[in-house]
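In what follows, chain A forms one complex with chain B and a second complex with chain C.
Showing the complex of A and B:
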């Protein structure tokens, strides 16, 4: 039972992080390698809002969420917008540069000190028993719930909303979409904002559960194989990829050797690349573009 | 109009030339000549939360010392370069510090991955290399020590484990079933292996040994293994992130055992945050709950300098500063590399309560002749950090 709970929590963690990779790739074909750093920035923004609105968790969280949306838009406006029309490789390199800049900037602004945002929010993170046979923390449960809600809302948004339809259109045929009057840059900015928001949500929940430090950016990269395994252009794929990676990781830790845990996502990825290089739910056409 | 523009251009050119001359002039040309000391440290990267506060402590100590007249009337010029914990960056830093900046002493405050290239450079240029400010003391500083390698840090793979296991042995109420927690990096696994050896000698049963990758997203799976092994004690010798996150994951699983971890800069704050009486910090440095006069002084200096990090995270850097001062005072002026090395060969530095005893180096022992440990934990009834064990000495052989 405890293993099952561990798998569910890890799946939710990877899923919440990896949907940010998918959102940007699906719309703009860019692999955002700054996603881990943006996720960490979201958590640090919560730290700041928690310090400003001390003891008011709802307001702090809302402000951090709003700021992360703004960060996503700013990244697009001031950096990725300039990459429009350039090669995909140039855009990917720009995200690597952004990641380095963000990590350095975070160390300068918030210092390299380990932090506990939960202290400033004035909330606790109690242990919760599940059916008497397993335990987890309240923040872990919240993370599972948030991942579920985010995915549900994203599915609904992409399938039924006008902006979701436009996002899909821009992802499939940007030129045609532009000719039909869709604001390409508006859609790209929206994708970056949503990606930064979901990443920040993951960063915030992880930091509430187990503190905040500069290693969080690496955790963001650990979730990247989950998106690749599922197929980079599929939200459903990201969910399935996260589940496969999480199951493999937890079982390897428990039954084989804990040392294999960091290699687990990449082992799964290699197997997937051999069997189905475009991922579980990706399309071959997307792979050609990569 | 053309003349005016030409004149303006001329003034601008003069200003630029003057500015360049100022920038290119060595800093020491403005005042007295200084002792040049080079530091390569992990100011960024995964180890930054441990190293950066200590480096700030060292910087504050040196700034204060310089204000008071320096050593033999000469200021100390610290040249600090960030290596991010990367071996290649550390090698480049060492090369630049030795060749361009002509430092008399190199200081490494970084991850163990940076040790080999810096030791090689120090050996080639016959420059003393001090491991300080929360760098783990390398085996080359222990007897029989390598010629150029010294260590002032309180962290030791060998003795930390011995101290922790001895504490667990003395305080456990029954048979010990021990879970061991390392980060999946060589130095941490080495530290845990030392502890495992000590534990076996004391008759403890090791039920689980976890090496957790630094990139892990969830510590719960590793904690589950320790809980499933029915450990009643756990010991972690790893970067703080791994030590504390594994402990928190264990508690989230409902584990009720005792946990010993080695002290690192954030430990004191974390004890206050966790408020768990069974979470023990095995420390070679005094925590600030001791309220020593030297700690009050550190707090004053940190406050007046508007330091980025709290004073209680700077102890190791402050100690590095004390060692630096003693070294240069003994070496005299001008301090060549040979003179600094000769000074460090037999050096005694009083710790004023920050440690259990002085740092004493001999030609054969560049770590110290005795290593002392205290153990702290949270006392719920007094609502404060208290000692679970006073200084206990371990003879370094």
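Showing the complex of A and C:
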């Protein structure tokens, strides 16, 4: 039972993080390895807003969410906008460099000490028993709920809204989309904003649960095998991939070796790359060279 | 199509092209002599801090050359460089701790392991390209690091594995000055190896694969074979550099081989300028010296009691420099240098005599 709860929570964590990878990749074919750092930035932004709007959790959460949207747009406008049209390697490296810069900048601004944003927010995080047998924390349950809501909204947005349709069109054929009058740069910026937003949501919820320090960027990196296993351009795939990775990780930790936790997602990834490189639900594509 | 430098058929000596070009002119000869003399004099005039830096530069140069061969010349992206170095260092550490193996056993052992790992790291490249290849090498990096961490936790009580200074011909190799010459020799050997490979059939095959895989296959090049060869050779050199790192430091710890180290090596070849062997050396020098330069500027400003934020500033500045090069100077330092050179030349030569 406890294992099952652990699997659900970890699946939700990975799913919430990996949808950020999928959003950007689906629209602009860029693998954003700075996602972990953006997550961390979102959590630190909450820390700051919690200090500013002291004792008002809702307002500070809303401010942090708005700021993370702005961060996503800024990243696109100042960095990725200039990297469009360059090689895959250059774009990926730009995101890695961004991640390094953000991590350094965060340590400069907020210091590298471990923080507990939940204390500043003025809410508690009680342990909750589920069906008597298993335990988890309130924030973990919240994380599962948020992941569910985010996925439902993203699905509806991509499927039925006009902007979602535009995003899919740009992802499929940027040139044709541009000729039909869709503002490609606007769409790309939107994808980055949404991705930074969902990442920040994941970062905030994780930091409420287990505190906040520089290791969070690594958590973000661990989630990207989930996105790739499911298929980098499929939201449903990200959910399935998260489930597969989470099940493997929890079972390996429980039955084999706790140290495996950091390697487990990548073991799944290697197996997937050997069998079906484009993932469970991804589209097979001809990749360009360096 | 495959290379920009002309290849006269008479060139058979194992010497890089730019050295030969330099020897051809009097000014080039002078420059070479001064450079060589400077390299030999450094260990006798430098302070121990500067000598340590020089050793770091030389060590990084070996690794950067290996990565340049793979990514710059063969066009295969790898994000598993730190994993390979860790494998080399841990081969030395384990061979020493478990069997007390001497230098001349542990070093070849790490090279053999490197060749095998190169084959494993390279296998995905037969099917995958670009992004997916980068991701698969990254995944292998984490697996290697996990195995090393596992060994460190279980056998060394989570602390670093100590390695004694190697003994060669009855002499203990100890001290920065001896290491300087040893590492310098390693760089020269690697440089000659790379330069020769690139001038051979193999190097031309790599160039063809980098330019266009489909065309390369159509021209009769066995693409999977040469890709794997690139991975094997690069990985062998990389693990040996990891092994040298272990001996020079005197201890092995998995903490030294994070993903950040991989990024530093990738930054070296980008900032140096791809594809070029000189670019790898230039980039290695730049990346190794960059944090110390920043520290030299920042520490007086921040005050010496603030090492934590100095570290963070170095981290941030490293990212910023990398972004700068990716955005504004994708051809790296070498590209910038060529552009400056061209501009200067255009100013000096009257318009009518420009032949280019």
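Please note the rule applied: the second predicted complex is superposed on the first by the 285 of 290 C-alpha atoms of A that agree within 3 Å, B and C clash if a C-alpha of one lies under 4 Å from a C-alpha of the other, contacts with A are read in each partner's own complex, and residues count from 1 in each chain.
One rule holds for everything that comes next: a contact is a pair of C-beta atoms (placed from the backbone, for glycine too) under 8 Å apart; a residue touches a chain by one contact, two chains touch by 3 or more.
Keep in mind that what you see is a predicted model, and the values were worked out from it rather than measured.
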item: Partners on chain A (chain B, chain C) - clash or fit; value: clash
item: Partner chain in contact with A:182 - chain B first, chain C second, else both or neither; value: neither
item: Touched partner set for A:103, first chain B, second chain C, both or neither; value: both
item: Which of chain B and chain C A:262 touches, first, second, both or neither; value: both
item: Contacts of A:123 with chain B and chain C, given as first, second, both or neither; value: neither
item: Partner chain(s) touched by A:111 [first = chain B, second = chain C, both, neither]; value: both
item: Touched partner set for A:92, first chain B, second chain C, both or neither; value: second
item: Partner chain(s) touched by A:206 [first = chain B, second = chain C, both, neither]; value: first
item: Candidates 22-30, 184-192 or 274-282 of chain B: the single one with C-alpha clashes against chain C; value: 184-192
item: Common interface positions of chain A, toward chain B and toward chain C; value: 103-104, 107, 111-112, 221, 259, 262
item: Of all residues in chain A, those that touch chain B in their complex; value: 2-3, 6, 9-10, 13-14, 17, 103-104, 107, 111-114, 116, 119, 125, 127, 129, 135-137, 140, 206, 209-211, 213-215, 218-219, 221-223, 249-250, 253-254, 258-259, 261-262
item: Chain C-touching residues of chain A, taken from the complex the two chains share; value: 31, 79, 82-83, 86, 88-90, 92-94, 96-105, 107-108, 111-112, 221, 225, 228, 257, 259-260, 262-263, 266-267, 269-270, 273-274, 277-278, 287-290
item: Residues of chain C that touch chain A when the two form their complex; value: 71, 75-77, 124, 127-132, 134-136, 138-140, 142-143, 145-146, 149-150, 153, 210, 212-213, 259-260, 263, 266-267, 270, 308-309, 311-320, 322-323, 326-327, 330
item: Contact footprint of chain A on chain B as seen in their complex; value: 43-46, 48-49, 51-53, 184, 210-222, 224-225, 227-228, 240-241, 244-245, 248-249, 251-254, 266, 270, 273, 308-309, 313
